[in-house]
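Data block below; observations after.
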Amino acid sequence: MEILKTYKLYIGGQFPRTESGRSYQIQSASGQAIANACLGSKKDIRNAVQAARKAQASWAAKSAFNRSQIIYRIAEMLETRKGQFIEELVLLGHSNATAVAEVQSSIDRCIYYAGWADKYQALSSSVNPVSSPHFNFSVPEPMGVIGVVACQETALIGLISQILPLIVGGNSVVVIANTTKALCAISFAEVLATSDVPGGVVNILTGEVAEMLPTLAGHMDVNALSLAKIKDHLSRNAQEAAIDNLKRCQLYNLDYFDSKNQGLHFITDFQEIKTTWHPIEQIAGGTAGY
Amino acid sequence: MVQLKDQYELFINGQWQAPKAKKYFATINPSDESHLSNIAWATEADVDLAVKSARNAYENVWSKLSGAERGKYLFRIARLMQEKARELAVLETLDGGKPIKESRDIDIPLACNHFFYYAGWADKLQEAFAGQQIESLGVAGQITPWNFPLLMLAWKIAPALACGNTVVLKPAETTSLTALKFAEICQEAGLPAGVVNIITGYGDTGAALVVHPDVNKIAFTGSTAVGKQIQKACIGTDKKLTLELGGKSANIILEDAAIDQAVEGVINAIFYNQGHVCCAGSRLYVQESISAQVIEKLKFRLQSIYVGNPLDKNTDIGAINSKKQLETIEKYISLGREEGAEIYQPACQLPSKGYYCLPTLFTDVAQSARIAQEEIFGPVLAIQTFRTIDEVLQKANNSPYGLAAGVWTDKGARIFGLSSQLRAGVVWANTYNKFDPASPFGGYKESGFGREGGVHGLSAYLKITN
Amino acid sequence: MQPKYTPQELLVRLKSAPPIDQIGTHERISKIQSRSLKGPAKLHGLRLALSMIDLTTLEGKDTPSKVRQLCFKAQHLHGINPDLPKVAAVCVYPTMVGVAKKALENSTIKVAAVSTAFPSGQAPFEVKKLDTLYALEHGADEIDMVISRGHFLAGEYNYVFDEIAAIKALCGSARLKVIFETAELDSLDQVRRISDLAIAAGANFIKTSTGKIQPAATFPVVLTMLGAIKDHFDKTGQMIGMKPAGGISSAKIALQHLLLVKEVLGEAWLTNEWYRFGASSLANDLLMQYQKQLTGKYQSAAYFSID
């Protein structure tokens, strides 16, 4: 007799149950119950945002190189657990071949974004040639805590494609996972937990988008939203709730299997640009050099 | 000095057209409340016409031109602006109230240079986004404020055109004249009809533009409250949006600062342009060990600030832009007194006509005071002391806004330390209120999103995919 | 005026205090913590908690300017909700009492001064006396004194008693809070003993901690102290106030305190006349929770001024 796994939430680096004490069934493609997952609540969102805010500053303060190392490790851990993910995808109704392809693409995408960690800055910053005697430079900075509604069509590749560019850029995230295919999201949380990703940088909640998104979208301490394709009225309400603290909202409706749907702008979509000026002292007799 | 028409029409499709509803409104000179001209009031029908012209110009002309060709038009416009610099400066001062030396030495040159700068980008866009696919957006609807009318117009139109878009722009109702002059310049430059359309009017005109279904991009500079309404109006559309909103920027003097220069920087930060600056350093934080000294110096410096006729070259602080704005500022000054802060204003005779306000300092202000939290948009400075850098960093960031910040210290490592921790889109270290076309400008949090200026200013006007 | 006790009488009194069972105490607390406050009751609780705060700054680096800013915050907790209650008091070092008094001259907020060589209390009695007199001379409405923990742990109960009584005698109309620094005490039994002792010696309020070390106002300690207050009231009809201080960082915890008070002591203690929170960051958390109740949205610290 197997001991079926309990799929819990991932908040602050831990796996708590939902404070609401409720669960829902994840079903296989043929309608069989495969597992119980937590039905996340508003208070879970509240706790997740708290954890995300707490973790964000020190995540952003790590060296870019350090972040790249951690994200490479995610790829390595994902590789190690490939079998588990393939199995879960098959249970959810994919063919073996498709499942293998999705897991492989996911690993590749992790590696891809890991490589960006210490490079996107160079391509999105500038030293600006101002006319006055000032040194002027612009650098990207993470927006902060980002609320994510993960791709509701794919179980793994969408989730990874949405989360990675955000955390590579020093943000922390609160993710509402794919409701019906939540297995891979929580397994991915286990990968994160064993990859040196500090607790709170990624928080993953399972449950109903309709229940959790309003709280996330209205939360005054969330800086931006990344919304995959969901029902129009849910998206609309979320964008309206977001206005109170001027959250930056990005809507994505992409086929993440397409390799062109990864890139620099997915990172810079969640970066602020800060420009700094400082006077340059005009040194007398400045003919040295040329 | 300048030739003012009695009445200005709308600039649509390269021509001056009367507003459909035949309504006009007066624009006055805030320095003496005298009447300047009558401005057309565009209604929905005019907005629609303008957008149609912009769309037509985009589909049939502008999007078919090479970047190099677009660039040449922008160069031409820049050059013509330079040639008419004097006239533009005087118009700006008459219409808005800012001192002539500011419009002449700062607003107009920066506006011209902004066109020069983006002219050069027009044929190099792909290189700015190497490896990515870029496209122009189409028609951009732009709404500009009354504090830097022509400069904000340049910040909006130059990148939009460089990136291959066409434009419908609505200037602020109290300051339409330089935008209308700019329209004349577009005609003179031979800019194809419909590429730039200027529709004057009040907030309703702007609102009609924002909700127009055939606009692909909205750019707005103004208050946070209106910015939020605009964000709401864009939901469910595919319109790209950038907002440049209010601020309550912290200006921080550490005890090891070059004090006299810092004092000058503070003056510049809050009294430049009558304090009508979204990034004004309106919260001063001075380290307690030097606070008495700094405040004394500030008070002394206020004695040599001249408030008066904006057309006088010696004037430092000109007229407040409108009666409404003056009332708002006075309301906050009263509030500051009520809140128990100590007020200081230099003795100064203000003109009997026109809208004027004395430069004002409030000392002994607390973080919880409303005058330290809410944007006043006038020559009023709220001064607080702090003890440690930790404390001032927390307090500087303890705001819904995040537009700019100032840091005054002589220690290099500290400059970098502070500037990296301040949550603001622009950090001025040992300087303040400096602008340049090559320098990206914009806010964090409720000060808005998106950047204007520099290479980063291009992304607002392009669709970027992989 | 409190009755004087001979050392033997005092010992007898103290011995008659019941022993405290730690586990039982914890169980009672769990029951309180499982209560749920919602809607109007929660709003009421948040407002009540706000009105009970002694807004505190006790830093070596405090300056008059800092204290003035704190006093402003005390009077203006949250600009967009001007009809919120004011805090009960500000709590500062004696050297800052004059500044605070002046800054609060147009309000009913009290000025409490820590004294008697706060926080350690390790100083000759003469110093403690001067400390207290200085604060009183500059207008302190309340004195928060510390007990001599060393003497207490050495069993010198009379010494501790006399010290409290002597400071009380200086206070006049000012109310005296006696700080136990429970983190330095050994057991809940000791907490009960010092509570009885301080009450007998003339304390108007008994207070858990200086806030300088952890753990500070834990629930078992608070419950124990409330028990002493209740027993004293039952015997004499006299009310004594309670001030937990330190470690009350969230609105949730503050509300649990109120629930505890209501069930153990009764409604009469649910005013800032008899209950205070020694806290600094609690105020903003209460405000954030209050705003959340009003708008339905969780809040961000950037919207609440810090002081």
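Note that the chains are named A, B and C in the order they appear, and that numbering of residues resets to 1 at the start of each chain.
One rule holds for everything that comes next: a contact is a pair of C-beta atoms (placed from the backbone, for glycine too) under 8 Å apart; a residue touches a chain by one contact, two chains touch by 3 or more.
Just so you know, these numbers come straight off a predicted model, no measurement behind them.
Asker: Need the most distant chain from chain A, centre defined as the mean of C-alpha atoms.
Answerer: Between chain A and the rest, the longest centre separation is with C.
Asker: Could you compare the number of C-beta pairs in contact for A-C with that for A-B and name the larger?
Answerer: A-B
Asker: For chain B and chain C, what's the span in angstrom between their mean Cα positions?
Answerer: 51
Asker: Rounded to the nearest whole Å, what is the centre-to-centre distance of chain A and chain C, using the mean of the C-alpha atoms as each centre?
Answerer: 44
Asker: What is the distance, in whole Å, between the centres of chain A and chain B, each centre taken as the mean of its C-alpha atoms?
Answerer: So the centroids are 35 Å from each other.
Asker: Going by the touch rule set out above, which residues of chain A reach two or more other chains?
Answerer: Each of 244-245 in chain A touches at least two other chains.
Asker: Give the residues of chain B that touch two or more other chains, as numbers and ranges in rising order.
Answerer: Expected reply: 400, 445.
Asker: Find every residue in chain C that makes contact with two or more other chains and list them.
Answerer: Expected reply: 301-303.
Asker: What does chain A use to touch chain C in their complex?
Answerer: On the chain A side, the touching residues are 46, 49, 215, 218-221, 241, 244-245.
Asker: Touching residues of chain A toward chain B in the complex: what are they?
Answerer: That would be residues 124, 126, 128-132, 134, 136, 138, 223, 232, 236, 239-240, 243-246, 248, 260-265, 268, 272-279 of chain A.
Asker: For the complex, which residues does chain C have touching chain A?
Answerer: So the residues of chain C in touch with chain A come to 296-303.
Asker: Which positions of chain B touch chain C when the two form their complex?
Answerer: Residues 288, 291, 339-340, 364, 366-370, 372-374, 384-385, 387-388, 394-395, 397-400, 445 of chain B touch chain C in their complex.
Asker: Note which residues of chain C are touching chain B in the complex, please.
Answerer: 61, 63, 65-66, 68-73, 76-77, 79, 301-307
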